[in-house]
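To keep things simple, chains are lettered A, B, C, D and E as they appear, and every chain counts its residues starting from 1.
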Amino acid sequence: GSGKKNDSAKGGEKSPTIALFLPESKTTRYEAFDRPLFEAKVKALCPACKILYNNADQDAAKQQSQVESAITQGADVLALDAVDAKAVAPQVNHARQRNIPVIAYDRLITGIDYAYYVSFNNVRVGQMQGQALLDAMNARGTTAKGKIIMLNGAPTDPSSGDYKKGAHSVLDGKVQIGREFDTPDWSPDKAQQETEQAITALGRDNVVGVLSANDGMAGGAIAAMKRAGYKTLPPITGQDAEVGAVQRIITGEQYMTIYLNIRQQAEKSAELAVALGRGQHPAAPTKVNNGSADIPAFLLDPTAVTKDKIQSTIIKDGFYTAAKICTGKIAAACASAGIK
Amino acid sequence: MTLQVSGVSKRYGAVQALDGVDLSVEAGEVVALVGDNGAGKSTLVKVVSGVITPDSGTLEFEGRTVRINRPHDAQALGISTVYQDLALCENLDVVGNLFLGSEERRWSLMRGIRMERRARDLLTSLDVRIRDISAPVAALSGGQRQSVAITRALLGEPRLVILDEPTAALGVEQTAQVLDLVKRLRDRGLAVMVISHNLADVRAVSDRIVVLRLGRNAGDFRTADTSQGAIVAAITGLEDPTWPQ
Amino acid sequence: MTLQVSGVSKRYGAVQALDGVDLSVEAGEVVALVGDNGAGKSTLVKVVSGVITPDSGTLEFEGRTVRINRPHDAQALGISTVYQDLALCENLDVVGNLFLGSEERRWSLMRGIRMERRARDLLTSLDVRIRDISAPVAALSGGQRQSVAITRALLGEPRLVILDEPTAALGVEQTAQVLDLVKRLRDRGLAVMVISHNLADVRAVSDRIVVLRLGRNAGDFRTADTSQGAIVAAITGLEDPTWPQ
Amino acid sequence: MASVTRAPDRAEPGAVLRSAGDRLARGDLGPLPVIAGLVVIAIVFGTLNDHFLSAENLTNLALQMAATGTISLGVIMVLLLGEIDLSVGSVSGLSAVLMTIFNVEHGLNPLLSVVAAIAIAAVIGLVHGLMFTKLGMPSFVVTLAGLIGWQGLLLYLLGKEGTINLPFDGAIAKMSDSWLPPVLSWVTAIVIVGVYGGSALVSRRARAAAGLPVQVLTWAVVRIGGLAVVLCVTVAVLNGDRGVPLTLVIFGALVVALDLVLRHTVGGRWIYAVGGNPEAARRAGINVTAVRVTAFVAASSLAAAGGILAASRLVAVNQSSGGSDILLNAIAAAVIGGTSLFGGRGRTYAALLGILVIQSITNGMLLLNVDSSVRFMVTASVLALAVAIDSLARKGRPGAAR
Amino acid sequence: MASVTRAPDRAEPGAVLRSAGDRLARGDLGPLPVIAGLVVIAIVFGTLNDHFLSAENLTNLALQMAATGTISLGVIMVLLLGEIDLSVGSVSGLSAVLMTIFNVEHGLNPLLSVVAAIAIAAVIGLVHGLMFTKLGMPSFVVTLAGLIGWQGLLLYLLGKEGTINLPFDGAIAKMSDSWLPPVLSWVTAIVIVGVYGGSALVSRRARAAAGLPVQVLTWAVVRIGGLAVVLCVTVAVLNGDRGVPLTLVIFGALVVALDLVLRHTVGGRWIYAVGGNPEAARRAGINVTAVRVTAFVAASSLAAAGGILAASRLVAVNQSSGGSDILLNAIAAAVIGGTSLFGGRGRTYAALLGILVIQSITNGMLLLNVDSSVRFMVTASVLALAVAIDSLARKGRPGAAR
């Protein structure tokens, strides 16, 4: 590390180089929210700080190269959202040997000690999806009247295992899981085909809910169900709070999505990164044991967003403006849902 | 003068395949091009047919200087060639190969029946025997392929026909047919260039014999006035008493 | 009897390429196989060389009935073949092609210098002129390729040499060389089978002439006792007064 | 003379029945072995799950085929030249995104949006074709760059949106939810059989008139009858559920139209010629460059059409549009259907049959309740099995094993 | 006679200098254009980012090349036959997982684990080879089934675990964190140059003794000098950081060893022959089936080796081991390095040069601070640019454009 370079004009405080590593580019959140929010906060706290941004395209080996590059370029702090949070320990170790502090961003890195963990809990995401689905089915009184379809994420994506685990922990024993699929590449059109086949196998009237691990796949499931002639769709879950999904929730096609207050996460991490770069160690509210050490942690709760909560979460946080969501034909539905 | 080649050179890496070669063919004349293996005969044919571009040299066709940059240019001038390596599409059938590049058509639609009829007639008139005309050319015998290639060159209205070793794989009768054909083409006023290692055939059919050796001109003889020995001497480069100095 | 072929048949879809063909070649004998294009000559060669398996028929080699299922089997028996389509690897150079499948080696290591030396000597002895021996065969002229294919067949210690139209693309001198070579092979006691459409060459070099027509035997002549007319008649199937009934 | 097949004035049954048998003897079994593979698949999955052969599921299958099948058609155009196009997936996704942006964000009318997207894809194909022909770059590298670069553009265009939904009741989404009315579907089937049969008989007449050999009448009748049976069964089954899907009709029409183009137009002939022996084609005066560029343009345009069908089906586009295994499936369908990777051999029906094989396996596997790891292994085995039947049947035929 | 090149007793400088120039004239520029492409890449990224040409970053680059480069070597074996292996990614992942399971879960010693995993991969290659040769299935389909099926097995073996970490200080992980001591690296470089130079001179002598034409001495000296310079620069740069990485040495040794096998052994010659004209090879008595099967075995074994290198570098295996763009990169490296997809042409150095091109672009792009979408587009452009240089240089040479 080369922490001792350019001192910024005011206060003689150091302006560290901060490296941000995000895992993939095929979901909106990372480049649409995490990156700009993180960068904006860093710039606000420390205009002279340099930010190295990296996206690993869901490839653990590529992320490893990126960490190496960043260290080559003199990064002073790493904020690392791991592609494979279990396998990234050697890179963290590599950084540690050079006295470069690491923040585990979003996903809990295991097997090694490091500076901070700032995140939503992936397993918790799965639990909330499961719980929301269960609640909706109970409300409709359909829990015992049929089976659900479970659309999990890519079998090659380590975090889909977490979502799956969380969901099962809530659903198992309470509902009948009719069909469960791991969906290669989180591909919405594959999810659509999976749903079609599940409907065929189970019978149209026997499907009472769909647990979809994210919004893209929920879209596929909804297309399949509408085409299969469902008059009213059973509850369908999601994650990521994509614009398209929020719109579907407003029109009643999708039941819920998981909204992660990314702003909070990104800004907290940015603050910590700047502080670490300046040699400070702010206290953390809690610690999380990752199997090897107790990591100081800032744990943010994911939020389950149903139609009635859109206004109070997504809109209120400025994640999206109402105008962005309520385009064209959605406007009417927005109005009746009280979104403005 | 139908074709006038002047000072054509072509080099392939280490090998100077053609070195300032001149050649002319008149309408109503059969010129035989002879020479040892590797003398540059096929290379010259490829230059005239637009298959390769020479490093230097000029071509005149029917009095005008022409640039032949691709086979299409040669065909547009009326130069029709049978290549030594035949150049057939093995995946297409006989009719497909015969009409390749000049399919009978109405707008873009091929007129299959018409082509097949013409193909059968042409093959019959040349006494070509192919038992299954709808099989891909890959299934034909060596001589059958050569017959297809020759037949191909006679479609359309060529002004100059070039035959590179046309009878190499042909049977007795077919060879006679082809030689006869060459004469008929000449009598129709076309210019014909024939390459062959069979000096008897060459002498029987040609008006003039041009010899290449190691990529250069090594003699130009009126067939009627020249002995076989003189030609052999020119081909091999060995002195011959009958050489017309 | 070096080779005895009995009742060999082979059908390709619609075409009966061979239909109960018999043929024999003795040691120290040159047998010419002639016939019209598509008569089945090359098909018969391929059967004997193991390139294709016949539908029926038997082969005897040096008195023993043999099964030749692949080219390797034929080579193991000492049958060496020059194919009409040459069958060279265009991406390999001349030396690579000459020794293909029987590379000089110590363990698995090729002995490149030794092969190149032998290749140059062999090519020189056959008067083959190739200007750049290290270029891939794709760069050779038609005749040069044929020379390479013929040279190839003479490596090793063959008992039967089969030449399918060996001189089709060759120059005057090279043709003479090959015919001379055929005689020398016979004199060394080998069996030789030659296919050619050039009846003059055939008559000059062969002891016996076997004729195929439309896939069947159509005559078997002692060269010395037979007129050219009789052979042509057998090839074409037209009656000829001199046909030995 | 005697051996040149002359046309008999009347078809001699014996002689001409041979010509049908000969084809088979030549190893030219056409689509029969692939169909045998499909039968095996039907039996396997039909036994394992009752629903596999239900009208409902076969309708699903029909819906699932069209998009990738259309992309595969484009791949065939390039494979026929002995070249490859790795960019079709990305181009399909990009075009779908463009179409959606035109339609949803700029309010362009659906038809114009579709046309504009396909036109842009055609320009992309043109660029690929020119890089291949004019710069002499291997098509593998050109289209690999395309695979990466066009996906980059897709991500760039989607930007912060991520997903863009198409209106559910818009024309584009409706396309995937339209069904031929039963009467119309029957009329269409009858018209197709009629046209096919009629043209077969007309050409038979014309051949006889020209003194060319003709097929024996019974053989013609068998073929027409076969087509009639296949069409009727399909129509009857699909009408048993929601009907014949419009997208299937579109895909089928493309297959037939392109087959006619390839076999009956000069351009089609040239594609086969260039694929068989480019140098021979060049020497025949064919503009090889133009043929190649055209094939790449066709590949990209068909990829765009496929991408638009996919978007219509999903009623949305997103960052993974055109991604995942679409590329591999499109190429595999062509190869499984019998298109040679070495050029010059194949027909458009390969796309239809190949995608049927692939999608039946996927479809059948999803009906079963197995882990994804097992699903992958079984998919691989069934795929290998289905193609092995085909390959064994073709073996021994000249030029096999490629 | 006169035209058969005879060996002069002493090398005539004029005549023989020609033969080096002739190669160039024949369009056989060898690796020069790719190297020009690499120079362009170095300039582009060197200008855009100061760190690109630093010792540290070049060391990173060296580390990043070995795994995919090794897989690419295997791909070359199959491409030389004119065939394709789509399964190398999955096989590399599966082998790495097997190796890890043997080592971590069953406590097998590291070397044995590696050997066992490679042996299993060899059997997989054998299966592919036999399906291709004995059943006559297209290699594309066989290895596509492999791509899907072996990944299924990988997922199955990993089960619920997901990721398995390798021991940090175990031999397998250490392999990726071992560096030649500076002295040893210099000694190695000198030995390599010495052996190369010595054998060049010995064979020159032997040729002269056999009366064969020899290269002019200066040309030999230029080549030996060139090698010396390249090696010395590499060693000096890498010693400027952590040293010469062991994995680079392993990869380099594989490249050289396989090149020697391909060019100097009978088996290597047969691979080229089968790739150039399988029928001619068969008629020459070569056991074409054995050659083909061997190539598939080599491809799978090298894929396994590459997978193990990747696992060693990541110090873990997980469900995406062998996935992502490894397959495409491995094939692309071979093609960019000059291996023909049509068989019979290419050398193992293609893997080295090709992976250098790909990894420099990836590495350089990672140094830049841009969005993924832009990164994809720039990557595609630089790739196209680097290969266009190569292609334009080769153009006009007989048999170009393929």
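One rule holds for everything that comes next: a contact is a pair of C-beta atoms (placed from the backbone, for glycine too) under 8 Å apart; a residue touches a chain by one contact, two chains touch by 3 or more.
This structure is a prediction, so every number in the text was calculated from the model and none was measured.
Q: Walk from chain A over to chain B along touching chains and report the minimum step count.
A: 2
Q: Hey, what chains does chain A share as contacts with chain D?
A: The common neighbours are E.
Q: Name the chain whose C-alpha centroid is farthest from the C-alpha centroid of chain D.
A: Farthest from chain D by mean C-alpha position: C.
Q: Determine which two chains are connected by the greatest number of contacting C-beta pairs.
A: Top-ranked chain pair by contacting C-beta pairs: D-E.
Q: Could you state the distance in Å from the CA-based centre of chain A to that of chain C?
A: Those two chain centres are 74 Å apart.
Q: Please report how many Å separate the Cα centroid of chain C from that of chain E, as a whole number.
A: Between these chains, centre-to-centre, one finds 42 Å.
Q: On a C-alpha centroid basis, what's the spacing between chain B and chain C, in Å?
A: Distance between chain centres, rounded to whole Å: 27 Å.
Q: With chain centres defined as C-alpha means, what is the inter-centre distance between chain B and chain E in Å?
A: Whole-Å distance between the two chain centres: 46.
Q: Out of chain D, which residues touch more than one other chain, so two or more?
A: Where chain D meets two or more other chains at a single residue, that happens at 3, 19, 22, 26, 155, 159, 371-373, 398.
Q: Note the residues in chain B that touch 2 or more other chains, in rising order.
A: Where chain B meets two or more other chains at a single residue, that happens at 12-14, 38, 128-132, 135, 139.
Q: Mind pulling the residue numbers of chain A that touch at least two other chains?
A: 25, 155
Q: Quick one: which bits of chain D touch chain B in the complex? Just the residue numbers, please.
A: Chain D reaches chain B through residues 1, 3-6, 19, 22, 26, 203, 206-207, 210-212, 264-267, 269-270, 272-273, 275-277, 279-287, 344-345, 398-399.
Q: Across the complex, what residues on chain E touch chain A?
A: Result: residues 49, 51, 54, 56-57, 60, 63-64, 67, 155, 160, 162-163, 165, 168, 173, 310, 313-320, 323-325, 362-363, 366-367, 369-373, 375 of chain E touch chain A.
Q: Going by the contact rule at the top, pick out the chain A residues touching chain E in the complex.
A: It comes out as residues 25, 31, 35, 51-55, 57-62, 64-66, 68-69, 72-73, 83-84, 86-87, 89-90, 93, 111, 155-158, 161.
Q: Give every residue of chain C touching chain E within the complex, in rising order.
A: 49, 51, 70-72, 75, 81, 83, 87-92, 96, 100-103, 105, 108-110, 112-114, 116-117, 120, 123-124, 127-135, 138-139
Q: If we count contacts the way the header does, which residues on chain C are in touch with chain B in the complex?
A: 12-15, 35-39, 42, 84-85, 128-132, 135, 139-144, 146-147, 165, 168-175, 197-200, 232, 235-236
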